[in-house]
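One chain, subunit A, appears in both complexes that follow, with subunit B as partner in the first and subunit C in the second.
Let's look at the complex of A and B:
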């Protein structure tokens, strides 16, 4: 069985007046039906750019090269922008971090959702039918007084409610893949649980593949099946969530975990990450872009292409000197 | 017995909703703050924790209640009187979103110097530059960035500008309202380390408002849990997390994701 999403050798550069930004370097990942894969890393590591590249939202100055960006076995790269519109929103949906700014502030959320459905649904829908389907969806995802909510403006709703509306928007056209970019980082923990449960029920019950972009490792380990760790546009570790988060092999994954409050006893145990992300405009980036921050670095890390170690069948680490 | 720095008594805040109705955002909350302590205030969005912080910082008038600080009830002061009071410089606030709270048209140095110009003594005003540089250094802001505007700085650097601004007059109490929630975890660790160092060096007391329970557990001595404006539980950080008494506290703690603790079953992968 082919995976729902397969990306191989994705390289992305931005042409800017300040030089060429080497944003992604040979990224590869896959997401199965009904599977939730976390994409983690610090701010600026290329997580969102990867999501946007799948959706073709990177803008005209992005140069994308990839061996494959395939949805359900079909490579999307050959599609014209016009043909891609039948994919975006319909077969692949995206949920953004700040739902309040993703919703049109001047329109009632019911109208926005109806428009989304009518724009993307494969069949022609009357406004009335579309509204009925929107209402069904809001009720199905457990929004109380859904009918009244349809008449609310985004500013009248809480952040958690807006995020649930965005998830409803994503689910409306029954997508096969959802790219969720930090969907809960603006929400507090109790609301976060509700939003994650909703997303995971779509994933499990409808078999939707979910690519979950986050910098919250505990959240990723609680919900996701697999985790992909990114740093400076490179993929460093990819494996089952519990292996990656409980027993990380890559020095960067370890450093990331050490900087987080989970499982620590006091503030002194929080180890800030050393160094900074390299400037991706540089033409002399080391082969492993983590080399300049790494405690295990040797000459080969800078010059030779990085080998892939496999601690277990489903677990890959791109490092010369991974932890045991 | 350590000295009590601040004591809040039965603070109530009603916001008018129109037509004579009110929303009670803070409902009879009392607490004592000991000198040198870090008091965490947690609760979900809308629980009243930020409103409480603003009342204690005197940025918002209370409907009822008292705020005792340095033998004076600041809650009885008018805004104008508080502006001239000694305590005005002793209580400083650090805000959640530095991009929104820092003046976008001022360079970092001017932002950090602002409290000196407004509240400083003539002596302090004579050495603004030295004080600004010292505060920036303590807050971990590279001096080379002092001429940068907020939009030219990264999120972590902006948080440091805000912290430098808050400590430049050597206050006794810092009220931190979600100071790191706009930052990712690795930057958060840096900023937290800076705040811990500052507290030790400058003998500060913190009120730390946050919804990040993982973080508050690590840094707080005591924690207040708020729900719908009311104080539901109060206790030392360690025992509150180990054996919460109230159902709401338990619910809040249960909602925190923990590493390696799955909340959904794994999907099988067929290869």
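Let's look at the complex of A and C:
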């Protein structure tokens, strides 16, 4: 069975006046049909950029090289920009961190949703039919007084409501994959759980695959089948969620978990993350970009390309000296 | 909602009264602090004795204390009596009534001209950042911000009238031998169009071109910069990124997502620009002998003619207040987040 999303050797650089930023380095990951994969790492580790690269939204100064970015077996890289329009929103939808600012402040949310539906309507879809389908979707995901909501402006709705609207927007064209980029990070904790439940149950029901970008390991372990750990634009560990979160092999994954307050006896058990992400503008980045923060580092980490270890069939670790 | 808006407008107009009172006080005091004695100017003539001058001063009420004069002035304003002009001998209000349309027509035309130039170019320079058009915008805005309008007017006259001879004589609204259409709106172009006199229409339009361009030159810089900045902010925003991620067509994103949002800061600038065109461009009117309220007021000022100058400042202040209110109402109509502040 072909994977829903497959990325191989994705390298991305930004040309900026301050120099070339080596944002992504040979990133590879895959998301199976109906699977939920968490992409975790610190801020600045390249998670969002990976998501944007799939959607070709990185901006004109991004240089992308990849051996493969495939959706359901078809490589997207060959598509013209025009043909790519049929992917965006239709086959792959995206949910953003700050839903309130992701909705046009001058447009009623119902109109924005209708715009999305009509942009992908195969036949001429009348405004009224489009609105009816939007209303159906809003009701289906449990938004109360959905009709009134359609006439509201984003500023009149709460952050949680805006995020529900965005989930509706994402589901509207029955996509095969949803890239959720920190969908709940801007919400308070109680709303967070409700919105995540809504998003995940809606996706599971419809068999939609989810790439869930987050820095919140607790959320990731609660909702995802698989986890991919990223650091400074490199993939470090990829495996079943329970293995990665319970028994991380990569020193970086372990460091991430040690810095999480969950399941710790006392605050003394919490270990702050040591060091910082390396400056990605450097031209002398070590082969493993984690080398300068790692406690197990040896000379080979800086100079030789990192081997991939496989503790189990579905679990891959890119490290010379992984934990047992 | 509508009811609330009306109440807010009434409240805002009420709140403008203290501002206008302040304007009245300041102009009244400043005018009297200026050198020059209107009684002497009015009485000018070699055989006028000191008694004659004193008599005129008494007749003009200038012998009373400044405070008394101020109260009389306030009372007159309350009855919409702005006094008589010493130069024309007519009530100031009548003089202004005759000249305001000329000023308005020129200002509106210049305003339209600056919008037509500034907005599309501003949008293009935002869309093609750092391209040649963006560099051109940088040059235009620097030149336009640095060059005084009347100086630009002089250059225009020198090149197009004096050297090339393709511009009409830079004096007034029509040439001496043309017959003005009957006054309906006071706008020469509209009045000419109303009676179907296209020859006069084109002549009036042609006469406006150079003074309007001189007025527009200062307006182009802020408008273009705001349009460019507003558009860049809009294009970099999350909602544009999201709209693109959802495959909404580029045309629609530009026209219905980016442009309305980019127009909000431009709108505020437009109010400022139009008010300035109505009030502060007296030099341009003077330069082109435009029979508007600006050149009238300059003449009054040099002629120590108090009443028209005071009325001019007051009228411009009222225009500013109204314009600000209009922009606020417009912004509130476009932007649901914008609350009319009481």
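Just so it is clear, the second predicted complex is superposed on the first by the 324 of 324 C-alpha atoms of A that agree within 3 Å, B and C clash if a C-alpha of one lies under 4 Å from a C-alpha of the other, contacts with A are read in each partner's own complex, and residues count from 1 in each chain.
By definition in this document, a contact is a pair of C-beta atoms (placed from the backbone, for glycine too) under 8 Å apart; a residue touches a chain by one contact, two chains touch by 3 or more.
Quantities reported herein were computed from a predicted structural model and do not represent experimental measurements.
**Q** Looking at A:156, would you say it contacts subunit B, subunit C, both, or neither? Reply first, second, both or neither.
**A** After superposing on A, A:156 lies in contact with subunit C but is clear of subunit B.
**Q** Residues of subunit A touched: more by subunit B or subunit C?
**A** After superposing on chain A, more of subunit A is contacted by B.
**Q** Kindly classify A:242 by the partners it touches after superposition: subunit B alone (first), subunit C alone (second), both, or neither?
**A** The answer is first: A:242 touches subunit B but not subunit C.
**Q** Quick check on the superposed pair: does A:119 touch subunit B, subunit C, both, or neither? Answer first, second, both or neither.
**A** second
**Q** Contact-wise, after the overlay, does A:286 reach subunit B, subunit C, both or neither (first, second, both, neither)?
**A** Neither partner.
**Q** Look at A:107 in the shared chain and tell me whether it touches subunit B only, subunit C only, both, or neither; answer first, second, both or neither.
**A** Second partner only, subunit C.
**Q** Touch check for A:204: first (subunit B), second (subunit C), both, or neither?
**A** After superposition on chain A, A:204 lies in contact with subunit B alone.
**Q** Considering only touches as defined above, state whether A:311 meets subunit B (first), subunit C (second), both or neither.
**A** So A:311 meets neither subunit B nor subunit C here.
**Q** Once the two structures are superposed, pull the subunit A residues common to the subunit B and subunit C interfaces.
**A** Shared contact residues on subunit A: none.
**Q** Considering only the defined contacts, which subunit B positions touch subunit A in the complex?
**A** Contact set of subunit B toward subunit A: 44-46, 155, 184-190, 192-193, 196, 211-215, 217-219, 251-252, 255-264, 266-267, 269-270.
**Q** Would you mind writing out the residues of subunit A in touch with subunit C in their complex?
**A** Residues in contact with subunit C: 55, 57, 85-90, 93-94, 96, 98, 101-107, 112, 115-116, 119-120, 153, 155-156, 166, 169.
**Q** Along subunit A, where are the residues that touch subunit B in the complex?
**A** The touching residues are 1, 32, 34-36, 42-43, 158-160, 187-193, 196, 200, 203-204, 215-219, 221-223, 225-226, 240-242, 245-246, 256-257, 259-273, 314.
**Q** Taking the touch rule as given, give the residues of subunit C at its contact with subunit A in the complex, in rising order.
**A** 237-239, 241-249, 252, 256-257, 260-261, 334-337
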